[in-house]
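For reference, the structure is listed below as structure tokens.
Labels for the chains are A, B, C, D and E, by order of writing; each one numbers its residues from 1.
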Amino acid sequence: MTTAALPQSKTHRSWWHRNQIRITPWLFLAPGILFFAVYVILPIFQSFGISLQDWDGLGEATYIGTQNYEELWSDPAFYTSLKNNLLWLLLYLLAIPAGLFIALFLNQTVTGIRLYKSLFFFPFVISQVVVGLVFTWFYDPAFGLLNIMLGWFGAGPINVLGDPNYVTYGIIAAGLWPQTAYCMILYLTGLNAVNPELIEAGRLDNAKGWRMLWHVVLPQLKPATFIAFVVTIIGALRSFDLISVMTQGGPFGSSRVLSFYMFEVALSEYGFRMGYGAAIAVVLFLIMLLFIAYFLYSMYREERR
Amino acid sequence: AEHTAPLSGDMTIFSDMSNPAPRAVMESLVEEFGAMHPDLNIELTVIDREAYKTQIRNFLTANAPDVANWYAGNRMAPYVDAGLFLDVSDIWDDEMSANLSSTKEAMTMDGKQWGVPYTYYQWGVYYRKDLYDQYGLEEPQDWETFKSNCQTLLDNGIKCFTIGTKFLWTAGGWFDYLNMRTNGYDYHMQLTAGEIPWTDDGVKQTFANWRELIDMGAFIDNHTAYSWQEALPFMTNGDAAAYLMGNFAVAPLREAGLTDDQLDYYQFPAINPDVELAEDAPTDTFHVPAQAGNPEAGKAFLKFVTTPETQTRINAGDALGQLPVNSQSSVDDDKFLQQGFEVLSSNSPGGVAQFFDRDAPAEMAKVAMEGFQQFMVQPDQIDNILSRLDQAAQRIYK
Amino acid sequence: MSGVELTNVVKKYGETQVIHGIDLTVNEGEFAVFVGPSGCGKSTLLRMIAGLEETTSGKIRIGQRDVTREDPAERGVAMVFQTYALYPHMTVAENMGFGLRMTGHPKAEVKQKVNEAARILQLTDYLDRKPAALSGGQRQRVAIGRSITRGPEVFLFDEPLSNLDAELRVEMRVEIARLHKDIGATMIYVTHDQVEAMTLADKIVVLRKGVIEQVGAPLELYRDPDNRFVAGFIGSPAMNFLDATVQDGALQVPALGGRVEVPQTLPEAGRAVSLGLRPEHLRVTEGDSFTVDLTEALGGVSYAYLRASSGERIIVEERGDTRAKIGDTVGLAFDTDRSMLFDAKTEGRIR
Amino acid sequence: MFPTPIEKAPRAAQLSYQALLPLALILWLLPLIAVMIFSIKPGADFGNANYWGWPSSFEGFTNYGKVFFESEMPRYMLNSVLITVPTVIGAVALSAMTGFALGIYKFRSNLWIFFMFVAGNFVPFQILMVPVRDLTLDLGLYNTKTGLVLFHIAFQTGFCTLFMRNFIKQLPFELIEAARVEGVAEWRIFWYVVLPLMKPALAALAVLVFTFIWNDYFWAVVLTQGAESQPVTAGITSFNAQYRAAYHLMSAGSIVAALPPVAMFFLMQRHFIAGLTLGAVK
Amino acid sequence: MSGVELTNVVKKYGETQVIHGIDLTVNEGEFAVFVGPSGCGKSTLLRMIAGLEETTSGKIRIGQRDVTREDPAERGVAMVFQTYALYPHMTVAENMGFGLRMTGHPKAEVKQKVNEAARILQLTDYLDRKPAALSGGQRQRVAIGRSITRGPEVFLFDEPLSNLDAELRVEMRVEIARLHKDIGATMIYVTHDQVEAMTLADKIVVLRKGVIEQVGAPLELYRDPDNRFVAGFIGSPAMNFLDATVQDGALQVPALGGRVEVPQTLPEAGRAVSLGLRPEHLRVTEGDSFTVDLTEALGGVSYAYLRASSGERIIVEERGDTRAKIGDTVGLAFDTDRSMLFDAKTEGRIR
């Protein structure tokens, strides 16, 4: 045996060598934190600042205190957006059971099932811009497939995207399409992780069909459900692309949501109110904060275990 | 003479002339101007017309070109106020002021000129002459005929007007005409300038007139779902008989197969005989941004664009197909351009407006046009709409 | 209570047959243990009895009923899984009562049965906990409790203790034995732990490659294995096997340095056989035929690893006060009555 | 595992399942199929109100030819590539580092820094819009691919860090300890031990980020303008504005725009799903 | 080679102290084994020696050097982990040479050392395989090989065999013993397997709750434990403890039905003590003080679980041909020389 591989002297070990383990993480973190702080964290606070100003994005900004918020308070368009946001939140959640349903349907082993699964997953991969376009045509009052189908039942035609009563539902339905695909894949992977022994125990315990699903399978899919919930909520609150592509918030603003409204007042063709937009963003942020806090809390509990 | 002054260095131009024909015009302009100044290195960036509207503010503040497209009237106010456009009064010499007198006003703010126009075009009613002939209808001269024509068409299962209000501004055109015909040009200007409240009786009368058409069912169904282009097929298919639109609609209508025998134009008829006729004629412009790197070249380009020869060429039927702004230019002998020129030069005693979203401040335009769209769908909401507009106006014009 | 009877039971997965026609009777109240090397089909057979795997052919009877095609829930069996398979989202009480609830028993009855089972298994204090808050042994107890509540005719266990550490394993083993004594139900138990098999079973079923090698009481298998496989499988450390040939009415065993007389009826001369000697039946003596390669002292007992001059290795158990040391040269003695003989080719026992 | 495997069900159920699958698929993808058919129709079909009928002639080449040779689409596509690829590389690289730091080292603020990334990842990005636009303007990166790339990298770092850290966290920590005991420097541990083990995560994440960025529309609109730097999502909208009501061309354009992520998905399917699983259902 | 010396070593995690001032010397070339119940701090102590956990206070010396504050890399130790911790993306050769390569040794040297280690561990044929293509035992060998190549002063093992199945465990155990004999390096080994501890160790360190209970050679601990904990911990099945009180110079043992004379120096009368009896030192006799609760027959040996009329339980090992049966009433005999006595309160041995 030789000991050649060993450090022969320890006296001139540098400070770096001794403290390597302590310093390395910070070196590794530095670029990431820098980027993230500059582009994400700081802007959040800046937005708070801007929301207290009157600023057209071109000239000088003037500090106006909470005036933007006061105006929001009495802005009917804001309430429309808020109401639509809630609708989005609520209805978007349908993607979860729908995704579960499709996942259960596809959770079989027959030849070619993998191809089927990936084809079912398509809508998620496609840009929302394209999805919006496709659904705009689907809803088209003149030639849209929807109205043709309604025609078979002697109903319609419905001008989905032009009617303030239907438009939000119409866009949400379009959004549900890719979102359902997303939830489906989450559940498919979740189903993979279901413990077969528990299923068998359930079979011995006489749990069948729905009861098996409810009592044995669903509880095991909780992680998948949780993630599906989180991504769906976030997707719902971030909804922008579809509205922008399908209706531009119309007709007369009835399909606006907060994220679109703020874009509209701040940066769109006719919008020059950065401060007001920022105020809307802050409200949206506060709503989202509830969910972020919930998510972080669950993660915290998980970590502490 | 000035054109020959040697220019050198780099020059950038941002243009919103993104549709095929205007784009070709823009490219030829650059080429020609480049040929005049061989030492000048010109870079042209063409941006989608709709996108351009939201992006101009960014590039004006960040990486300003030397020349940029925009619109006349109130639409340029934010940039003028923010000092982002260069004062180009110096190129508006006497000769130019004289030649461009019809649009000089629209380029002037605070007594200075902030750019130059390069084209404008008439609005009016484009209609299916063959359908009118079929049902024995004439171009209407007054409101009553206008409505009775419409009734006849409706009785035959044809909508009087096509329109696509998805992008709002088409409804603005209707409001412009109805309001100018009901209350006159000056009233309209005061309204868009915030000097008359939206709850004024005059405005209500305008909407009452509009409502007559709506109640008749004069407009196609589901117009909120369409852009202006998507509304064209209703006219080409014969489901609707007319379109209140700018002259740019002619090209796609012709492309869709309508011949000049089938398609014709008339001036929007009088409603209130006591007011003088006034027209919408939106003017498109060129500006030199305040932060331009090569303003001299920019100004030279502006000058070049407004010369009578250039004007004649770029507005010709095979180019933009619109009206030249220089009175020394000749108008193409296209029948629509001739009629439009005729209307604007001799039958618009009340005045020439830019267009609703150029006359009113941007924010107000947005809110108001949204109101128009809502009104067209929910006419019963008019009181709500008007009080909302009034509230918005109080804030915006403050 | 009822016994279980398998008649010519066969299982195929597609083309591959994993159970090759098994006949087996487990009597009422009997504790049967399936042992065998990994992959021999123990679990498969158990799961077929449970109804979790379909039976390709053959018949399975539980008590008087032919259950071959019945649903698992209808067979009157309960199963305890290796990984416990407790429902993680239910409390202990809910876990134990789930089966009854699913078969529509009234709440009060469920509760009473759960309490009863909890009492037997000393789980009463934990009824409101979730499985995650229990230790391994407690979880396994809950899993057993769950099967008790349903009052099945047959209990099935698939390596129920293999996830526990050594100490707990011993404890739970004793507990299962006691449970069997208490409720006297038919139990079938899969394990690959010899000690479990030996200590728990009324009847051990030794499986190899989907075929039953021998069935019998534990000590019966230990003392009287039918073939080399069973002999080597039962007993720890495993039996030593020495190559030998029959010569002149005795064995020629190179490892032992020559001729050995054995009491068995020998086959014809020249036949290759294996001489089986259990470590506990060997004694180290003075001599020079073996060298001690390694010794392992465990306190009361130690094992000496001997190497014959022929190269074969032999393990000897020592309990006396003088024990072999590494490097020693020793001899070996054994009682020929306790040696066993197997045919080298068929591996069958030669008695 | 659930529901009952169909191969154990009666023959009739198996057959009807097999038959139901393609039916369900067609129904599910109906909108896409429609667009695909649209894209090979002649424009005249739409004039003749033959929206849903069989194409009167196959004009796939004409339509796609128009998209490829007579529009800005190829340029937009190129932009998308030039935006997406650097972003993927940047975000994955940065987050591999942050994930390593957060997953391997124990220090007091570890969890809080991690939470910062996670929370930032879930922020409604509209709130960043105005300041980020200003920042980009100030940096002189407005309307450049670089500006967009930098922002995307920064924003994606949140999600990627969540993903990477969770992945690294589940690597056997002994591997790192073994290397430490062997005297391997920390950065070498990252490079020679952790990075090779993260390959599946890197691939999965790369695919995920690729689709996210390729499909981004919002920031493309906020931070860029014009064909010179906008990605294909913005390109398709202006393309569509240009060809409004020319459904065959819009369809062809949309399909072209959607193709790369779809192709990516098909090629990297395994990674993609692994990505969702690793990053999400963890 | 160098020994390891711990002086008053303490480890706290935040507020909770898990190692309470340990003093220990492991001599050069010695094989020390840490045993103790789960959670007693074995791994923690080992990892502190490796430098993977910081030492809260106290001193650790390896050879002549104080390494208490040094990074793991500087300590000249090698560690073998329970889970092997092989780099899955490297071949066996790369795994074994990685440490050397990263510390800047020339390629040729690395290669030579890897080959040398592979030879010792009979891994030469597998050098180009990835770990995934190896069996558990081979993987563990590679892990050991990896530590050998670097020629460390001290080898540390944390339950290296606990992931292997019983058979392989025996095999690898023998191999590690051989390795220690061959290279003679200082080795510290953590296990909770008694057999491993007994068979491998030169010196066993029994830990409980972060404190050393006793240090000594294996048979020393078996024969002469310092306290009840060690006595109960070493030996399997565990020693039986019977409550007793000192009375009139003898013990009053209720379980044994009365007075027992023992050779130890007894404390004052009335003192509560425990009488320790190993199962292998007990014999079942005719009698009526005990009933046989349960028997476990393992072939050569069987265990009888007796219950005294006082309720206490005693395990007896039986090897003879007649063995107790469940339900029998029996007596018990033992050699008082082999009994041990412990103070009931302090648990200390009374000699």
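The criterion applied here is as follows: a contact is a pair of C-beta atoms (placed from the backbone, for glycine too) under 8 Å apart; a residue touches a chain by one contact, two chains touch by 3 or more.
Because the structure is predicted, anything quoted here is derived from the model rather than measured.
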{"item": "Chain-contact steps, minimal, separating subunit D from subunit C", "value": "2"}
{"item": "Maximum centroid distance from subunit C, chain identifier (CA atoms)", "value": "B"}
{"item": "Chain of greatest Cα-centre distance to subunit E", "value": "B"}
{"item": "Most contacted chain pair (by C-beta pair count)", "value": "A-D"}
{"item": "Intercentroid distance (Cα basis), subunit E paired with subunit B, Å", "value": "93"}
{"item": "Chain centre separation (subunit A, subunit B; CA means) in Å", "value": "40"}
{"item": "Distance between chain centroids, defined by C-alpha means - subunit A, subunit D (Å)", "value": "14"}
{"item": "Shared-contact residues (touching 2 or more other chains) in subunit B", "value": "50, 54, 61"}
{"item": "Set of subunit A residues in contact with two or more other chains", "value": "5, 7, 20-21, 57, 216, 267"}
{"item": "Junction residues of subunit D, two or more chains touched", "value": "133, 180, 183, 185, 221, 237"}
{"item": "For the subunit D and subunit A complex, residues of the former touching the latter", "value": "1-3, 5-7, 14, 17-18, 21, 24-25, 28-32, 34-35, 38, 49, 51-52, 94-95, 97-98, 100-102, 104-105, 107, 110-111, 113, 115-120, 122-135, 150-151, 153-155, 157-158, 161, 180, 183, 185-187, 190, 211, 214-215, 217-218, 221-222, 233, 236-237, 240, 247, 250, 254, 257-258, 261-262, 264-266, 269, 273, 276-277, 280-282"}
{"item": "Footprint of subunit B on subunit A - complex, ascending", "value": "56-59, 71, 76, 139-142, 157, 159-164, 247-248, 250-253, 264, 267-273"}
{"item": "Touching residues on subunit A, where the partner in the complex is subunit D", "value": "5, 7, 20-22, 24-26, 28-29, 31-33, 35-36, 38-44, 46-47, 50, 57, 102, 104-105, 107-110, 113-114, 116, 118-123, 125-131, 133-135, 137-138, 143, 145, 148, 177, 185-186, 188-194, 196, 199, 209, 212-213, 216-217, 223-224, 227, 230-231, 234, 237-238, 240-241, 244-245, 258-259, 262-263, 266-267, 274, 277-278, 281-282, 284-285, 288, 291-292, 295-296, 299-300, 303"}
{"item": "Subunit B to subunit D touching residues, read off their complex", "value": "14, 18-19, 45-52, 54-55, 58-59, 61-63, 227, 229-230, 232-233, 236, 256-257"}
{"item": "Complex contact set, residues of subunit E against subunit C", "value": "38, 174, 177-178, 192-195, 198-199, 218-219, 222, 234-237, 278, 280-281, 294, 296-301, 305, 317, 319"}
